[in-house]
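What follows is a pair of complexes built around chain A, which joins chain B in one and chain C in the other.
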Partner chain A sequence: MGSKPVIGTNLCKWTVSYFALAVVWLLLAEILMATGFGFPHDDIGGPDTLVIVHMVCVGWLSTVVCGALIQFVPVLVARPLYAERWTLPALALLTLGLTALLAGFLALGGHFNGPLWLLPAGAGLLIAGFALVVANLGMTLWSARPLPAPARFVAVGLACICVTAAFGGMFALVLSGTDLGAQWPDLLVSGVPIHAIAGLGGWLTFTAMGVSYRLLAMFMLAPDGDAKLGRLAWRAGAAALAVGVVGGVLTLWRATGLNLVLLVAGAAALLSLVAYGRDVLGLYRTRKRRALELNTRMSLLSLGSLAAFPILGAASVATGSLQSHAGALAFLVAFGWLTGLVLANLYKIVPFLTWLETYGPVMGRAPTPRIQDLVAERRASKWFVLFFAGTWVATLMLLLDAALGFRIAIAVVTLATLGLVEELVRARRLADVAEPLRLPAGAAVPRLLVLRN
Partner chain B sequence: MTEFIDVDVRPILRAGGEPFSIIMAALERLGPGEGLRLLAPFKPVPLFDVMASKGFAHHEAELEGGEWEIRFMPDDGSFAAAEPAPAAMSDDWPEPAVHLDNRDLDPPEPMVRILASVERLAPGQTLSALLSREPVFLFRELTKRGHQWRGGFTPQRDAYQLTVRVLA
Partner chain C sequence: MTAEDDDLVARIKQALKVVIDPELGHNIVDLGFIYDVSVDDGVAHITMTATTRGCPAASFLKEGVASSACLVPGVEAVDVTMTFEPPWHPSMISPGVKASLGFAELN
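What follows is the complex of A and B.
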């Protein structure tokens, strides 16, 4: 056994603030969709749809993933975060940048008479915010080389958010009609697939896959020490993203061959997903915990959405309807897979952090409740069922081009999200902890939006 | 000359019992200037630090069959001068007084059990625990409480071995 200097991990103060702001963006996007704003009522590439897409992908998913990463990258690599003091300015930049960007889209859609510089200004602030997060996490990872498998997924994800943000910045220059943007007239047509692949695929999906290796192993009590675990999924996925992004940029420059690039990248991505599915199944089979907790069961449901994605995608390609089904496929990835996975894990992470914050100081000195005592799984499970059912029905309605059905399904999803948010607030307030154990001497009720560390 | 109270923990250990509380109870009953003679089936190294922290020096003698007689006496300086305490090397941690296998426990139960056991240790004593992963959130709590620790993965990388020492 080797002995080495060990450094601990702290609770990051602002993690729950990231979560809270992210959830606000999610609810806002859901309410807008339920009222019929954006796709499918509006054009899929129209400004109103761009408002929804960026609310969901930047406001909700990117913010919540950033919040989770500043807390859990240090756990993955057992090193402290490079600079905790950068986390609050990054959150402010991301929030401000997104607000300006959305205002820019709304002005572009003619909802109000805003200045054109809103788009590049918003993009600039967003790029600054992401740069701060990427630098912070990147330096943390750098200090921990050689990286364990889950952290290598995160490293690729960080590279991909840089690509996504760079393309987004260029789009903002084109859309706002600047002289610089006028030099790239075709950028929007062929650049959007790269922007979307790098963002949804590389940054959000690949990062979530990596972190889920550790989370699933932890919560199912499955051994994950095998160095080969996740290797094929990582190699194939990284290759898919490299081909998609580098090849995409090359074809953009040569103005030909994008379909071939997407085909090769798609094949590699499929191999990565299959390998990932095999790994998750392996963890499930070797788990020591027989009865799984709600968060793990719900994570598995979101994985079902991820598995349905290539099947639906292949069926759409085969029937030549990929173009018309692109919205449904993107919705399935953003909600069925990513939002479902994030909500399921927030349902564990928030009570876990709250428990550590509240009972850490008295651990071993006074009786404490279990983490499970901070939540009421029976009550929450109905919200999760409603969420996934609503999401899948909404996907189906998009496939069938039934706009009203989609809005009704989204209303159900919104209701379920509200229910889950209430459960998270109750966990922060220790509202479900039975009285004698709730607050032992030396413990204090946590604040809702900031962690005590 | 020091008067000794005898405590024989050999039958307790043979019956699978836990002698620590009995020794501590005997210690409570000692009068001023009195010492404790302990008979044990092995050399109770972890106890030496506990007793030292309570102001007792010790003298050890091996008996037949690998058993030991340890005489603890109030440390007024005279005894220590004649015979330096064996656990003088500051870098040398004593054998763990407690062993925990927390590999199959649900987080945060591994942490809770380690901290609960550490609370019961005497200054200078150590605890050893096997975990399924590196307990990154435990370290900040150990630091806050002023304990020292050493840890690392086993060569097969299938477990994390942690040793915690309560500050003497």
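What follows is the complex of A and C.
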């Protein structure tokens, strides 16, 4: 058994720095897509598309999820973070690693005459950064055994980022033409599904599912004390990931049977998603808080995208068009589901952290505003509507193979993202808090990119 | 407790209303976070809870309770105990606040 639970945990200084860097990567990726860089104008597996995919999945989603987890895992398990001093070096390694990796892809695509060792160098730095995050969160979870249900999802997610990073490292060795990489000629063909399943499915989606159990219960005031809650979703999801990853590696070794493995993993994943959907509906029905805030309503919209994914996927399999629709499906998961969910939750987490940082220390000595006083939901809701509408239209355009339509839709998504980023900056600056509550004696305006803890 | 102590307890409870749960946006007394207040020789003993044990807000709430009770004339020292037994439940919220939060029927 681990250590004793504590009351209250500290704010992590660098959480908002993770968020800020992540948002910069997201905007960069969106702008590049709107200008026609990468898929669908270029090959889905081409270097330009790899630039976009890694900007979104590593720069945006992984960075933002790491930033949220270093703050939220301690809340989930009521234990302090194992080593806060590791969080800034991890962010630096992730950022440097991604920059080198993207430069490697750009060199591979002939955009500049760079050395190919940029790819393994970038991958090595990224692996080091993820290792630091995984070790930090892993040790925090280890101290809290037996784990509550949401934390068990996170534990599987952490295992999956290790698999994803290991495959990414091997790809980098193959793509850069090293002698070691030359020993695995088929790795890029058969290994990519495992890399993508472990990354998008295990690390990002499974972690987000787990954390959302607690967040949805907290924000909707729904009872989540039932030990069975999330059990089937976790078991089926963990089984799907185990089959996908272990089976995938075995078939890679034996060079046959990948389709069967993917089919079994897909069936288990579907069961996990259905169980998760049932759990979320259950929480929604038993909620005590009838009037939901914008972040929860928008999280539910992103769940709609997640629900659409298996339906579109099954339809593509049935019509034999899975190969040609893979890009649209991946886009729906990365933007409609994950990006939508993350933006919706940032809209709560950033004001929440800002509130604690600014008003926590003066509480009891002076009247303080509510967290809701730091945001202007009506203004933000139009950006969210624009974001989801743009994302769904962009998915449709990919399904219809309409490249120009996709670019226009992405331009709308970019505009909406900019609007939402401005809302987050306004929350950090306390711009929407009315006087006289805005700055009671002893409180100071927060710094934009670093939390005072 | 004397009538004077009762009066002091009432004043402490009133003072604690300056502390709000930032997420729910209401003071912690009406939200039912304060389980007990007693006074013993000028020392205020307060037993309270929070919605989530590990939440960073929990320690700020505890400190806020101590700070606000300290400001009440007649209180010489404050002793705050945070407990999660029994765990807080929405049924502990006062009826007026429930209505303003748009609450469902509680069972």
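What we mean here is this: the second predicted complex is superposed on the first by the 446 of 453 C-alpha atoms of A that agree within 3 Å, B and C clash if a C-alpha of one lies under 4 Å from a C-alpha of the other, contacts with A are read in each partner's own complex, and residues count from 1 in each chain.
As a working rule, contacts are C-beta pairs under 8 Å (C-beta built on N, C-alpha and C of every residue); 3 or more make two chains touch, one makes a residue touch a chain.
Because the structure is predicted, anything quoted here is derived from the model rather than measured.
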Review point. Chain B versus chain C on the shared chain A, clash or fit?
Key: clash
Review point. Of the two partner chains, chain B (first) and chain C (second), which one does A:Gly266 touch, if any: first, second, both, or neither?
Key: neither
Exercise for review: Using the superposition on chain A described above, determine whether A:Arg289 touches chain B (first), chain C (second), both, or neither.
Suggested key: both
Exercise for review: Identify the partner contact of A:Gly129: answer first if only chain B is touched, second if only chain C is, both if each is, neither if none is.
Suggested key: neither
Practice item. Tell me which partner A:Val75 touches in the superposition: chain B (first), chain C (second), both or neither. Key: both
Exercise for review: Please indicate which partner A:Trp355 is in contact with in the superposed arrangement: first for chain B, second for chain C, both, or neither.
Suggested key: both
Check your understanding: Just which bits of chain A does chain B share with chain C as contact spots?
Key -> 6-11, 74-75, 78, 218, 221, 225, 288-289, 352, 355-356, 360-361, 363-365, 368, 370-371
Point to revise | Touching residues on chain A, where the partner in the complex is chain C | key: 5-11, 74-79, 218-219, 221, 225, 287-291, 352, 355-356, 359-361, 363-368, 370-372
Revision key, fill the gap. As the complex stands, chain B meets chain A at residues 104, 106-109, 111-119, 132-134, 136-144, 149-158, 161
Revision key, fill the gap. Seen from chain C, its contact residues with chain A in the complex are 18-20, 22-23, 25, 50-69, 71, 82, 87, 90, 101-104, 106
Practice item. Using the touch rule from the top, collect the residues of chain A that touch chain B in their complex. Key: 1-4, 6-11, 74-75, 78, 218, 221, 223, 225, 227, 288-289, 352, 355-356, 360-361, 363-365, 368, 370-371
